[in-house]
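There are two complexes below, and they share subunit A, which is joined by subunit B in the first and by subunit C in the second.
So, the complex of A and B:
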């Protein structure tokens, strides 16, 4: 597998970026094209990750087509972490369907009320009806894993606005090559099962990504963690099979990047470029029921 | 008991989510101009298209746009529909909604079309034909909202 990140642009996370959402996205996508040395006519579509709840727009990609670069082109959006959008883009490149595509993701929490949004992720009748905080789901799942009571302490997670884009291309001589995506993986685990590790999906996704890259955990130079604010580095390192000092989080652990977290973690390893092999891992759902991973190498 | 015999129930629920949408400088200028009963668009420096409402970039050329321009208060209908199906929050039916391309613009903007008899039994009013000319009519006390104006047909003499 070899899909190339030819260019990228990150609108740095800020609590309140004073731009309309489509302007934020355009800044990211046009900046990524410029960085790749390509124009909009060179790409055949856009793969994106976003949350309608975070955007305040139903089927937000339809109202943001102009800025995502998908106007009169292919577009596909996932409503989960942006590493899943990257996976679709890699498949598009690897299958030969496309020569170059945009992958973009965003979050605009300054427009929204995070406290009002998060409970909507809960099941409506049995869970939301109880009115509990969504963090309870992860605490309960941890309790089931450990066969012991858990305590859910308050965690201050900072809301930010962010828009991020990269240009993924086929390996082509003479074209810019910031990094190679050499492996991808995903997993979805059971919601809650006594004794089942919370991080089983994370472990499985990471293993799948490493396998598809032809690598082992011991080959990894660092693990960039996206989201998963409520989980410490040590259990994540254990799940992935690396020493804890290889765990890297940037910009910081307690920030809510929404579905942009995965791509943001990946691109944070390019400025300055990570050396060696980087594993990027993103956990999703209320209690890490899903996970996505990518293996990236800088040439 | 081999199967449930009770009537399936429904439990009440609702999503109430407040938002404060950041609209950016171009859209802000558009709504400011509405207070002065003017319609603003933006002109792409590369392709020359004039988009209404204005955006800070051209969707066709994918380059930043810097020029705001005022477009005409008359235009032509690009698409129109007469709504007879009521929907939550909609005006009383029947009502007409149209996309109108203002003079000087290359894109169209949507709003209500008023001043047309929508109750004709033998078909739609001639004023609703595509490319029919219409004018923008502003309320006396515009407040910088899309509801500050609507479309009305131009009379044949005009």
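So, the complex of A and C:
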């Protein structure tokens, strides 16, 4: 597997970016195209990750065909972490359908109420009605895993706005090459049901990505972590099978980047570029039941 | 495509109703998935990944509904990706799965479609949130009024009449009588259509689709693996395209003038190119088009190159798209007789697969070897197209 990140652009996360959503996305996608040395006519599709509820509308992408670059092109949107959008974009390139595509993701939580959204992920009768919360779900699962009550310190996770894009291309001589995506993987754990380690999906996604890259955990020189704000580095390193000092997070750990988290973590490893092989893992959901991973190598 | 060809092994769907009070949402999904796995002669352990297709989660009332349904579709321990491209979601699901298969990322992928519109008190109120809250929502622009505008343009430019639309409604309702899964199963006449309640001129109640609860699922794999199974349909070509949001930007355009959905034409052209189809009218045997309104089906005849520009109504006047015509369109009854929105495109895809496998039961088109399935979303904005064949490349 080899898809090339030819260019990228990150609109740094801020609590309230003073731009319209369209403007935020256009800044990211046009910046990524410029960085790749390509124009909109060079790409054949746009792969997006965005949440309707975070954007406050029923179909968040509907008004955004201009800024996302999907007008008259293939449009694919995932409602899971942006590493899943990257996965579908890689498949488009690897299957020979596309030569170059946009992968973009955003979150505009300044237009929404995060605390009101998260409980909506809970089963509506038995769980939501009891005032259950994702933090409680995680604490209960951790308790079950450790066979002892676990107290999870309430941690304020800040809402931020963010927009990020990259240009993914086939390996083409003479074209810019910021990094290669050489492996992808994903896994899913049970919904609100203990019985498996909380980080089992993360471990499985990471292992799948490394396998698809033909690599082992021992080959990894850096692990970029997206989401999983409530989990410390040590158990994550343990789940992935790397020394804890390889774990890297953004300086502001306690922010909610929404579905943009995975791509943002990946791109944070390009400026300056991580040397060697970087494993990017994104864990999310009510109690870490969804996990996506990518293996990136800088040329 | 340069990688392995993708194929469909099996299709399962639920019975569609306005409100499926007899089952919870995960049970609804289980109903479709268990049928698809049985139809595909495939064990859950053979599934490498799941693509979950469901449109606005406001319909289900649960954020990220795929997690709620994980056990119902056997997603635990597997990669799960949820796709959502509005009404085209059910078409985007198999497209994503086919690309993952052709890229060699996964060998066998389960695609699950879900919509449980009954959980929301007013589906149109949900749809309305897709529009600008200041300029558009208050003037009651919604899907029905938007498509009424399309119909008005078709009347102005291409001679569409109430007779043409009534014929489409009667054709599709008659076809649905042969499909045990259809939501609306009743005999109607053109007089019934013309006397049904006006919704937004010129659209009437019997020109439109119902709102349905339902789920559908398909099992997809490589053509090589499919050849070892008792039956399969092979993916020949796929296309996808999005139009601009603002309807004003689509007017005074020689390609459509808003009367003919141009993004459907772009998506179909791509799928035909991939499939090597040069004369769709002659080469296709059957079409499962996602047309939630009678006038849209006629517009799609042109977008899909089944009729020359402006002459879609001739397929109505000659009866060409009836079950006994030379290019039957929606032999299942289509979207006008069952519309579980996010799953509807997947139903079209699954029905097209059944047709080329020769397993569509009472609504089988004799000798069907090449079929087209489409999906649409937004106000004529998001489109997919898929060509399925009885034989591998």
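Operating definition for what follows: the second predicted complex is superposed on the first by the 294 of 299 C-alpha atoms of A that agree within 3 Å, B and C clash if a C-alpha of one lies under 4 Å from a C-alpha of the other, contacts with A are read in each partner's own complex, and residues count from 1 in each chain.
Everything below uses one rule, namely that a contact is a pair of C-beta atoms (placed from the backbone, for glycine too) under 8 Å apart; a residue touches a chain by one contact, two chains touch by 3 or more.
Predicted model only: the values in this text are computed from it and were never measured.
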| item | value |
| --- | --- |
| Touched partner set for A:97, first subunit B, second subunit C, both or neither | second |
| Partner chain(s) touched by A:52 [first = subunit B, second = subunit C, both, neither] | second |
| Which of subunit B and subunit C A:148 touches, first, second, both or neither | neither |
| Contacts of A:120 with subunit B and subunit C, given as first, second, both or neither | both |
| Touching partner for A:111 - first (subunit B), second (subunit C), both, neither | first |
| Contacts of A:71 with subunit B and subunit C, given as first, second, both or neither | both |
| Winner by number of subunit A residues touched, once subunit B and subunit C are compared | C |
| First (subunit B), second (subunit C), both or neither touched by A:156 | neither |
| On subunit A, the residue positions that both subunit B and subunit C contact, one per complex | 53, 65-66, 71, 117, 120, 124 |
| Subunit A contact footprint on subunit C (complex, rising order) | 1-3, 49, 55-58, 61-64, 67-68, 70-71, 75-86, 92, 95-96, 99-100, 102-105, 126-127, 129-130, 132, 239-245, 263, 266, 270, 377-378, 381-382 |
| Subunit A residues within the subunit C interface of the complex | 45, 52-53, 57-59, 61-66, 70-80, 84, 87-88, 90-97, 117-118, 120-124, 184-191, 193, 204-205, 208, 212, 285-286, 289-290, 292 |
| Complex contacts: residues of subunit A adjacent to subunit B | 17-23, 26, 29-30, 33, 39-40, 53, 56, 65-67, 69, 71, 108, 110-113, 116-117, 120, 124-125, 128-129 |
| Touching residues on subunit B, where the partner in the complex is subunit A | 11, 13, 15-24, 26-27, 55-57, 59-64 |
